[in-house]
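The two complexes that follow have chain A in common; it is paired with chain B in the first and with chain C in the second.
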Partner chain A sequence: MAASVAEDAQGPGSTGPNHGLRIFLIWLPIAVAADLLLYFVYGPHMPPGQMSNSAQSQQFDIKVMSVLAAPVMAFVLVFMAYSVIVWRHREGDDEDGPAIFGHARIQATWITVTAVIVLFLASFGTYELAWPGFAGAGAGEGPSPIWKPDGAPLQVQVIAQQWRFTYRYPQFGGFETTNLMLPVGEPIQFNVTSLDVIHSFWAYQLGVKADANPGVNNVAYTTARQTGNVTVRCDELCGLWHGAMFDYGKVVSVAAFKTWAQTTEVQLAAITKMLPPYSTTYDPTVVPQMSKAMVKAGLVGGNGYYYPPNDPVQP
Partner chain B sequence: MAIETQPDRAQGAGGGQPLGRSGARPWWRRPAIHTAIVGAVIGYLLGHLLGDYLTGATGAANQYPNVPLSDSEDWPIVLGYVFAIVGWLAGLGVFNDIFRQMIGRPAAYNGNGQHEDGGLAKYFRYSLDHKVVGLQYLVGMIIYFCTAGLFAMAIRTELLSPVHHVFTSQVYVEIVGEHGTMMMMLMSSVILGPFGNYLIPLMIGAKRVAFPRVEALSFWLTPMAFLILLSGLLLGGFPFGWTGYAPLSIQSTVGADSYAVAFGLMGVSMILAGFNIIVTVICYRAPGMRWSRLPMFCWAMVTTSFLMVLAAPVLVGGMYMLLMDRTAQTAFFASRLGGSSYLYENLFWFFGHPEVYILALPGFGIVSEIIPVMCRKPLFAYKVAGAGMVGVGLLSFFVWQHHLFDSGINPDMRPLFMLTTELISIPTGFIYLVALGTFWKAKIRFTVPMLFALGMYFNFLIGGVSGVFLSDVPADTTEHGSFFVMAHFHYTIMGGLIFAFMGGLYYWLPKMMGIKLNTTLGKWQFWLMFISFNSTFLPLFAVGMAGQPRRVFEYALNLQPLNDWVSISSFVLGFSILLFVINFVWSTVFVRERATANPWQSRGLEWQVASPPPAENFDQIPVVLSGPYDYGVKDAQPVADLHPPAGVLSAAISQSAATRAEA
Partner chain C sequence: MSLPARVATLLLAFLAVAAVAAFVVIHYFLGGPPTVDYSSGVAADTGATVHVVMQEDPQNTVSTHPDWVSYFIQNPKTHAWVHTTLFKVPAGSKIDMTIYGYDGCTPLRNPVFGEVTGTIGGVEDVDGQPVKSLNSWSGCNVGHTFSIPGIGLNAPMATPSNPNANLCGSSPCTSGPHKTMTFSFMSPRATGEYFWQCRVPCGGGFLDGFGGPMQTIGFMTGNMEVVS
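Now for the complex of A and B:
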């Protein structure tokens, strides 16, 4: 793209060296080398890796955009470097430069080329977002998602509160745990919600990021491709201990996950009974059966409420 | 054509003074900053007492149920701030003329030929001279910038280690909030305030701005916004950064009131400043100053002003609703009472995205002004440059939800916002077309302003391209809320706006003060700042991509080497700013080397008058004869006829009136 611009810039009737061609010849190897390195050498290692299909989609997008961006940046930088070296002011030369007010063809080319790149990127991004293989690319899609994976995904509820994530597994009796355990190769649906302020659930290696809004169920999909550890961090400033709001999840084989889920369901059965019934959102100030159960169990901090029922003061 | 109907009479003095009998009184009896401080303190005490009375803390009849709410503590603070603002303005003498007219006496300032007397004292008064206001803004902005910069140093100090902490988490989030908010709200006027107010009348050939009182008021609100924001530290700070997302901001302790009042107040200041610039440029251009001859800096200022006037009211509204939620128990943003936290996010970013272009466009304007002069060539593709500014300004209102891609709000609208966000890179790219075209076969002089302009183009390229990565939803899912975003907007704002500001300062200070800044120190500052800036923020893209969220004080151990590198670079960056402050103070206070009238051989109209400009800018309203960028044009006409023969103006006016009558 920059080639045509550079050649046009030569303009008709100019004298002296062909600056446009020179800039083009400097730019071309740099752009080609940068693109090859970015796509083939650095590309497979780009963040956030390939642990899930959504991470894969993000890595692919970053890769494609890097490949498009590198030549553009290289063109501007080569042009600027060439200008400051070749067209610098020489001692004793007090004449003004040539009075060039514009060049219709170059302007039109520039606008066309940038418009084509931009429109390509927009349609590429939309395709990546909507393609069922990536199913919303791991981003939070709100309570009624439109881009979903095929089949019935495993439901994992992420409950964020200051400054902890807990997880509920509704398909296993709705037990609540601080351990995030996920099966490999199966579509997973995260239902992300918050009990107090806005948090954001960021499972880095899985390429999942969804804001946890109070009173809202924010859905995100992913399918893990490999087993391994997952870092979970809060990605939205949520108060004093935002920086310490992180934990680690694990992606394990389907069989190991089933065993773990069923064992934990049995282990936690007594506590699960005390929890409010599974729901997409929770209101921490109005959980009567929970406070009753907690009072019975001797846990009466805050009168059985997380906060006083009026406007809560931040602890 | 915007020809004044009676140019010689309508445009009176460039300055004035609210108190007519000014010379008669000693300085301490005239309203100035010291009376303003007294007014603010009295106002705060009154407001605080009123708040205490309303909430029953003074023992009077309690109007609200006495429950342990943060709200009952918020009333005295908020009312204290509001009354302090009123007291501050009253102490400054802002209302004096209004009251004089109310009781039937003539206003002290009538727009004719009253000028500031006295040397430094006028800079501490409510002066109506746009040149005084410009310099007030300049010094104010440098103070605000350095204060917020110190907070940044503190952040980087804490991030030297993920396990050993310098600050508690409480202090750390306070610092993060103060740094972000102070930079984002006060730096919105860093170029429009000093350079816009000072130079626009000079650039368009006017003797004054359209609304001197509004302009002066817009400045005198900024110290109050700054102090109120800082006072938040005394109240325990606010733990929610510059975005102030509800419900965190509703739940926070009283420090959050300082955030909402200060940010809302700065919104008002932006609206006022914007209106003044818009009307000045539209209505006060000299004859012959067609839109096609308007300097690119004026285009940038007009576009910025439109963004301010259209976006800031949304901020003021949002902050008002936030304060109501915090004090009067409304529930705009509390989802369990029928409100929505999304509403706040929408309001905030509907302001917040134009805001970042309020920060970017002035930088484009300054570099577009510097490069033709230093390249000795006309600005390449003038119309494209103007279209770029207007295009960016227009599109900036249609992109705000790209800040909320992962929030679950309107997921089906994301492709639209992805499209608009990527479209905005087309007009932004125009700025580069203009630059590269201007460099083509130029004779580039590496003066300090030109170095800063080149640095700005380099930095903004990285900032702009990384912005395209953020506009793509899948890629944004990795990058959102991480240090990648942080690096991106520091490249556009610090690398773009502040580099352009520095360039503009070295370029225009000889005009504004008649004093040259030291060139050697300037070059040192540039190279130190340029290298350490890139060394600070380039690694942060990698840090963000590696999974470090913003505003954390603990991070993964394996990221410590990179974070340490960044912290040390940032200290060097801080030192380069210190060099600037030293240069600024040294050159303007101690050395005071007189600048020649037109040190850059610029064709700009502002350079055609003496430096610093005379009290009324121009003896007569000039007649503009040609464009400001006609370098290298053989037999180019001078920019303007500064002493048009008598009768020329009236002839032109009657002619245009006749054309209008025919139309």
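Now for the complex of A and C:
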């Protein structure tokens, strides 16, 4: 029985060479080379780059997962190639292969290795989300974030509407603009919301992505490490011009940001007065100020409601 | 079933499928509103002036959706109003816009778009009076906007002074209370299509007021094609 199991472990029908050892010796250098290339050569160029701490952490996570996945993939490919070459059907060989029975050592190894990999990834992922330096790794954490950065972050409200993002800066008088400007090296808190349908704020180079839901404040954190341009896209199909709902933000020095913010606050003072008071969410279906204007004009939609009664029920 | 009956059934089924395919191709790929050409005879990148004339109406009685609000564009040669929202301008040119606002008011969902942006001088004239913004929340004064996000252009459209006035009821409007908005902007040097939209949720009867005419080319959104 023992001899039979040992024979099976070497491969179906094998009697001579130790196939397991041969596969291992072929696989090992390929796996090591793949890991080294992935981590040190391709790794620094993996998306989304290193422009912010969250982007940096995401790139590191992808590198770690690639390093773990590459040997598994290499083993599958090596085993497949080895099987095709060594155990291929030969002329005149019409016999069935030997029956394969369970092999406790192989099964234990398989279960242990996969369990260790999965548990490691779960622990590693949780640590990456929880560490204050990453603070959620750039993802939207909802209105009550579990993981927060140290210190008092700059507040930037992202307001999505079909088909444009606007940005509000409550610490600078609450002005609202279509330009996204951010300081380098300072923690930033994005408060993401929507005025109509579901959008998604995706600041690619910053590694920030947070859904913009009407009536919800979705909070995401990041700290930019480098100055430069940021591509912002809507990442949730939101209507006819969803594909055109993008703009470009800019990360600048702290001094340049302060100058811009203070100048813009003054420039937009008249427009800011027209805006509703700063709030983490806005409900355009109930805006008394607008309702007054509509009722005064003799239009339907009184009782504080923005939309006429023939409109469908709002979410 | 006899052989002739089977052949006839097969033929009918084939014709039905072919008809559906032809309808899809003609209706969705070859159909759509026409493009009004303002680039003809104007050299690009010379700063030459092109005068584009449009109007926004409270209805669209020339379409299959008579209760949908709609823009119209004037043909520069015949001066006839065309039911479309597609127009073509030369690159690097000064575009003088005239838009007649015949529709009544609806507040902007986001009042920040009451600001005039992207025009030469950052202003638009409403009946000859320069304005930098219109507050749609403080009164009944904004009907629609003409916005081209790709070039940062946003121009709110004022409404007739008397909100209870009898608005024009037949499109395209040629009489009735209205405001006249004029402003200028430079067309981009980069050729291509720049979508434009209205930012007022004026698609009554649709979710968020942003369905129907707001998402249908030929009504409240379209393309400005910039050509060399």
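Just so it is clear, the second predicted complex is superposed on the first by the 275 of 315 C-alpha atoms of A that agree within 3 Å, B and C clash if a C-alpha of one lies under 4 Å from a C-alpha of the other, contacts with A are read in each partner's own complex, and residues count from 1 in each chain.
Heads up, the rule we're going with is that contacts are C-beta pairs under 8 Å (C-beta built on N, C-alpha and C of every residue); 3 or more make two chains touch, one makes a residue touch a chain.
Computed from a predicted model, the values in this text were never measured in an experiment.
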Which superposed partner A:275 touches (first chain B, second chain C, both, neither): second
Chain B versus chain C as contact partner of A:189, first or second or both or neither: neither
Comparing the two partners chain B and chain C, which touches a greater set of residues in chain A: B
Contacts of A:157 with chain B and chain C, given as first, second, both or neither: neither
Touching partner for A:223 - first (chain B), second (chain C), both, neither: neither
Partner chain(s) touched by A:52 [first = chain B, second = chain C, both, neither]: neither
First (chain B), second (chain C), both or neither touched by A:178: second
Which of chain B and chain C A:215 touches, first, second, both or neither: first
Partner chain in contact with A:264 - chain B first, chain C second, else both or neither: neither
Intersection of chain A interface sets (partners chain B, chain C): 196-197, 239-241, 244, 308, 310-312, 314
Residue numbers on chain A that touch chain B, as the complex places them: 9, 19, 46-48, 54-55, 57-58, 60-62, 65, 69, 72-73, 76-77, 79-80, 83-84, 87-90, 93, 95-103, 106-107, 110-111, 114-115, 118-119, 121-122, 124-126, 128-130, 134, 136-143, 145-147, 192, 196-198, 200, 202, 204, 207-211, 213-216, 218-219, 231, 233-244, 246, 283, 285-286, 308, 310-314
Chain A to chain C touching residues, read off their complex: 159, 161-164, 166, 176, 178, 195-197, 239-241, 244, 247, 268, 270-271, 274-276, 284, 287, 289-290, 293-294, 296-299, 306-308, 310-312, 314-315
Residues of chain C touching chain A in the complex: 104-107, 109-112, 114-115, 117, 132-133, 135-140, 149-150, 152, 163-164, 195, 197, 199, 201, 204-210, 214-217, 221
In the complex, chain B residues that touch chain A: 67-71, 169-170, 172-173, 176, 239-241, 243, 245, 247-248, 250-253, 329, 334-336, 341-342, 375-378, 380-384, 404-412, 414-415, 418-419, 422-423, 425-426, 429-430, 432-433, 435-437, 439-446, 454, 457-458, 461-462, 465, 468-469, 471-478, 480-482, 545-547, 549-556, 630-634
